[in-house]
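Consider the two complexes below, in which chain A is the common component and chain B and chain C are the respective partners.
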Partner chain A sequence: MLFSRRLRAVAQKEIKEIVRDKLYLSLAFGVPLLLYLLFGFGLTLDADNIPFAVIDQNRSPQSRALVDRLVNSKYFTIKHSLDDYRPLQEGLLDGHIRLGLIIPPNFDRALFSGQPSEIQALIDGAFPDRAAAILSYLDIITREFNHDLALPGYRPAGPVIQVEGRAWFNPDLASKNFIVPGLIATNLFFYPALLASIAVVREKESGSIFNIYCSPIRPWEYLLGKLLPYWGIGFLNFFLLALLAHYVYHIPFRGSFLFLTLATLLYVGVTTSLGLLMSILFKTQVAAMLITTVITLIPAFIYSGFFISVPSMGSEAQVMAHLLPVTYYMEIVRGAYLKGLGVSQYWPNLLILLGFFAAFFGLGLRRLKKRVG
Partner chain B sequence: MLARLGALLRKEYLQFFRDKSLIYIVLYVFTIEIYLAGTGFNIEVRNYPTAIYDMDRTQWSLQLAEKFRLPYFRVDHLISTDAEMVDLLNRGVVSLVLVIPHGFARSLAQKNQAAIQAVTDGTLSNTSLLALGYTDQIAADFAQELGQRLGTVNPKKENLQPQVVLKPRVLYNPNMKGEWFASLIELFSVITLVSLLLPAAAMVREKEYGTIEQLLVTPVRPVEIMSAKIISMASIVLTSSLFSLFLIIFPVFDLPWRGSLTLFFGATALYVFCATGFGMFIATICRNLPQTILLVIMIIAPILFLSGSWTPIEAMPPVLAVITYLSPLKHYLNIGYNILLKGAGLRALWPDFVNLSLIGFGLFALCALQFRRHFS
Partner chain C sequence: MAAAPVTEPLIEAHDLTRSYRQSPAVQGVSFTIAVGEVFGLLGPDGAGKSTLMQILAGVLLPTSGRAQVAGYDVAAEPEAVKTRIGYMPQGLGLNLYDTLSVAENIDFFGDLREVPAEVFQENKTELLRITRLEPFLDRPAGQLSGGMRQKLALCCTLIHLPQIIFLDEPTTGVDPISRRDFWLIINRLVVERGATVFMTTSYMDEAERCHRVALLHKGRIIAQGPTATLQAEAGCDAQGRPCTLEEVFIRAMARESVAAAPEPATTCALPKPEPVIRVENLTKKFGAFVAVDQVSFEVYKGEIFGFLGPNGAGKTTVIKILTGILAPTSGRGCVAGLQIGRDGSHIKVHLGYMSQKFSLYRDLSVAENIRLYGRVYGMARPDLNARLPEILSLADLEGQGDRLAGDLPLGVRQRLALGCAILHRPDIVFLDEPTSGVDPLARRKFWHLICSLAAQGVTIMVSTHYMDEAQNCQRLAFIHHGRLAAVGAPEELRLQAQEAIGQHLEISSPEFGQVFLTLRPHFPQAFLHGSRIHLSTREPEQDSDKVRQFIRRAGLPLEHLVTSPLTMEDTFIYFIQGQEHAV
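Moving on to the complex of A and B:
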């Protein structure tokens, strides 16, 4: 037998405690599923149906045609057609419209007098990424409008450069294809860590740790015994998430599932041992769980490359990204799903993850040894 | 009654300040964490890692390549083979490869038109789309510039074509700074997390140790125990958010506060009471701390998600958009943003205040009911 009797005893006790607490057990599997479903279905970053209002002071066929273009695009939804500035400003102020379009009285006259005809757009900048999206949508719509306005027989005099855009790995540019595999990485980062973060500190708070201190069990046996049950839960969660990715979200899988499974086994080991380390370092359950949540949950979304690629981050953020295990696994999981890449590409990532595991487990062991000694 | 409440409050503060590491964590999340989130989060295309694959190597292709520069594109690879392109995109080192084919300049000179390719790494589709948009614009601008230089485009003559010109103005955040948005979102999320978790943890601990039984045999009433926890934890959260605003968000990120700070703190107090009430409710259901924190996370995720902070509410399916009214954060977020960034007042924001109060009182009543059933 690979594991000693003492180690197995610790693991069995931990499993018993988990299984006995029915609410906790159902939450342990239910929470990641809920988060996965919620974010997977709802997290669209596409800014569609932007509510807008228009003040059309021109009321000509041309101005109406322009407004119709906005109304008929999927990007915008018209809320009001106004005569006055006041309600427009108030709508922007309380946030129920994000864009106000103002077409001046001489819009159509200017259009055919050989001068550019100006329209004004007031954009709510409170959400900068949405403001940027509104700007680029408006740009596209006016460009198309100008193109269709062109007089018959008009040919652009100057040179034209066409850009053929092509997106590799995700040709439809569907955001769920990057969000769903990304969620596997973020979920398996914070969740196993959080579960493991109470393993040791609970015994410290209740005082039963002293039984361990004076028993013949070796520190590494105790830690590994504590680690294994949570490692197992995290690993089982991975299969649940992978099943959902396939059957519910229909995410293409291009790599080797065996490779991804093995890499995940290592990764979940890293994240559980991170939680266990926090459990050893802190004295109360609240502190251990809170710090684990803080260092895993939000960084997992901000620095891991979940939304934007690591090379395009600022230099400070890049340093943070490289300090987090989730960044290395994010590449692996997206590579396996979308790029069809495996061990030949990602062996350095595996080595780094192994390093994290050794560091977290080793640090935990050192702290625990001090106490025992 | 006041004397009893005072004694209970003293006990709560003493217990909180005894756990040194907890104090550090709370300080950390309200300062450094907010700073990191503010600087780190940026969905726009900046420093987009780009490679140029110039097969043409003419004056014009070089000039076009030069247009791809900071702050939008960071060109740090000039490549000359397909294999390099595949490798760079596979490894994720670059996210865009601009391919200028052979005969680009010749085609422009002879036929007045040419094509280039923009190959992006589609794994992050949101930024890929923006990058392709920018590429389009750069190509169009370059063509225009070239036309003017060659004299084929006469700016005056071209303007005889009917043309609409858009004059956009971005209000409230004219430079579209990501820090303002991200730091406030982070503050609101942290307030939510801490105000749900701290009182719930304080309460569950009493249940785990059995000290709640000792309290119940004293003359204090259950409602007083509940109120003491809510008041003490809410005051800690409120003080910490002051730190966060005056140490980080206002001075470091130059966030202008345009509206009434008093109104903003009123709303914050209302929101914190709402959330601590919710936390107490959770505590009545749970028997130990691990259960509590899992339940808190299960509840906080929908609250954050339905608030419209990350996903615009208008883009959600209609059913979901209606459910968002239940998320107290949705109303608080609207109030906070509109007061701080837009200078809005009560006149524009009263519906959000009404909704927030309704949710708050609902939760409070629920919590008091549950508390009475549990402990009397």
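Moving on to the complex of A and C:
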């Protein structure tokens, strides 16, 4: 028998309690799924179908051609063609348009005379990333427009050298290919920790911890027995998330799934034992859950490289990033999905994760005294 | 271990002290427990009972002093101690797993203790049989009644049949029938298996069932010795009966603190039969659960009316309905001439209510608490100012209005809470378990206060699960499983029960265990009450002769054989059993 009878008793009891607590069980699998879907669909960094309105004071074939280019791109959707500034302002204010384009009366004349022709773009700048995206799309479209015009008497003013860029690993530059694997890392950081954070403290609150204090069970048997069921739930969650990544988000997977699975097994062990440690340190469920959420959920999104890559962070943030297990797994999961990288690249990450596991579990073991107070 | 010489103490505590942030919970406590003894640590809430038990179980380090259990030092070798004891922590079955069935709970404890499979099966069968839990094997622990939870917790604690059994307040709030069952089990283990029991309790009458007791007050032992000796030393009461342990406790406390021991509260003159509360067929359901079932009774003006029953019997629910906090599902009731459920806010002006546990704000001062209550009840400022010193003197808190309520001793706090409840001069006062966990001296003072209020014409309705407190009421209602089993004056009810089931023969002998085993085949109703044997009989003369004969034939010594009247607990059990047969 691999484990002692006492350890198995603890694990089996824990599983029974989890399975019979219908609310807890549905939360255990429901919440990560919900978060995954919410973030996966909602948190795309691509700006598509930006609603815009135009005030075309020129009404020439040239001005219409420019507007058509916007309309025909997948990035913009025209909402209104207006004569007046007022509704445009209102539209930007209430957010049903994000861009107002104003083409001056002398637009075509200026083009034909070889003068620089100016158009005004009013952009909703409330969300800077989106504003920047709108501006750069607009820039590309107008540049192409300039280039293709080739009107008599018009010389392209732009650079002669054109960069023909190709984005490797993510040729469509679809942010979901980047976000969704990232979400696997952040979800599996905070949620298994949160689930495990009540494991011990719940027994402290109910009083059943006395059974453990007063019995001959060894602390490591108790802790491992407690850890295994939550570890299992976290691991099952991984498969659920991976399935969704494939069937719902259609994220291409380039690496070895076996490698990712084993790395995830280790990673979930790390995050579960972090939650268990919190459960040992605190006296009430509320405190344990709150602290676990604060130290996992927020850093998982901010410092892990989820949004901003770690090397481009400030130096303090980089230190923070390297203190979090999620950062190391983030590299592994994105590498596996996007670049097809595996153990030969990421074995140091695995070693570091192993170190985290030993530290969290060891600290938990040290702090679990079979004593009151 | 059973063969160990009796002279060698099995458990030894020497000068134990434990402090929490400078304030001592236990101070210089020493005692020994011999093999085969039932040793009781008796004291009110906060006396330090659990702290001591936890130290001896190896789950709490003493600040100083040392202790040994079965030859192992509890601080140095706690794990060795833990394998040798069974420990049932405080709180009714709080250590059980509610979603696990009865069988699964027992299995878990068996696994935790790694009881070998055959031994486990044997123990499990035996324990389930004597606790009568077999029919409920598949029921989740969360759906058991209080008494059944306590029995299951006992099964789990005893699954490895430890020779040393630690029980922390095993019967607090448990119904008397379950309590009687509990003692049958304990006595069997002691008599038949030579087990040693170390238990704590806050029930004075229960401690009389222990062979030896230590009375613990404010972390110190104020008296200890064989129960019978302590009682004998304290003398006899007016009727020539030996002192109760409560009396022993109060005298010991009085020795400690110069204060004179007050006499027990005596019930005042009977009130005029002018009903101020009348309830007819009151029923309250919570979903499918019937908390109060067709309850009818009357309470008269100036009466002290007691509501006696175990936890979960429905006492609090009835009081909440009468005070208008809960609406009844069906039935009618009048309080102070007003219909309950209809004239809610009008009723409240006439009522004072002191809730279970602590109804004061701990971080407000004494005076602030009183003023808060006054304002809530809409008292005018001059009236409130005039009333404040009265309430302070009632609570023995003259000149201490600035103390934080949370810093007061439990007994004083309860007096203050009562003061707040009567601040607005209500006609009727409801007291919901006002003396739970309070030390006996404070409890006695509290009852004096209640009596003097009643003498002023205030009607008092008080709920309690202390059987011995029932004597202080003028009339009593026994409540069990939401139904009234009997209503009447305490003495009247006791005599009714005595007529039906007879009196007790009380047998004492230095060889009480052997005597008990000898008598049991002939008198199946015999049970051990501490180091004495109780036997209920309707023919005391005849049965006394028989008992003498059996003991003589077995060659055993006999110390005393006396008849003693039924206790309130016996009376209660008689009536609720009658009710259960009727259903």
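In this text, the second predicted complex is superposed on the first by the 335 of 373 C-alpha atoms of A that agree within 3 Å, B and C clash if a C-alpha of one lies under 4 Å from a C-alpha of the other, contacts with A are read in each partner's own complex, and residues count from 1 in each chain.
Simple rule for what comes next: a residue touches a chain if its C-beta (ideal position, glycine included) is under 8 Å from a C-beta of that chain, and two chains touch if they have at least 3 such contacts.
The shown structure was predicted, so the numbers you read here are calculated from the model rather than taken from an experiment.
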item: If touched residues of chain A are counted for chain B and for chain C, the larger one; value: B
item: Which superposed partner A:Ile198 touches (first chain B, second chain C, both, neither); value: first
item: Contacts of A:Asp21 with chain B and chain C, given as first, second, both or neither; value: both
item: First (chain B), second (chain C), both or neither touched by A:Thr293; value: first
item: Partner chain in contact with A:Leu341 - chain B first, chain C second, else both or neither; value: first
item: Which superposed partner A:Pro61 touches (first chain B, second chain C, both, neither); value: neither
item: First, second, both or neither for A:Thr77, with chain B first and chain C second; value: first
item: Intersection of chain A interface sets (partners chain B, chain C); value: 21
item: Interfacial residue positions of chain A with respect to chain B in the complex; value: 21, 23-24, 27-28, 30-31, 34-35, 38-39, 42-51, 66, 77, 90, 92-95, 98, 111-112, 114-132, 135-136, 138-140, 142, 145-146, 149-151, 154, 157-171, 173-175, 177-178, 194, 198, 202, 282-287, 289-291, 293-294, 298-299, 302-303, 305, 307-314, 316-317, 320, 331, 334-335, 338-339, 341, 345
item: Residue ranges of chain A touching chain C (in the complex, touch as defined); value: 4-6, 8-10, 13, 16-17, 20-21, 206-208, 210-217, 370-373
item: In the complex, chain C residues that touch chain A; value: 20, 54, 57-61, 78-79, 82-83, 85, 87, 89-91, 94-97, 99-100, 104, 107-109, 111-114, 140, 156
item: Touch list for chain B against partner chain A, complex; value: 19, 21-22, 25, 28-29, 33, 36-37, 39-49, 64, 74, 89-95, 108, 112-130, 132-133, 135-137, 139-140, 142-144, 146-148, 150, 152-154, 157-174, 176-178, 180-181, 186, 189, 193, 197-198, 201, 205, 286-291, 293-295, 297-298, 301-302, 305, 310-312, 314-316, 320, 334, 337-338, 341-344, 348-349
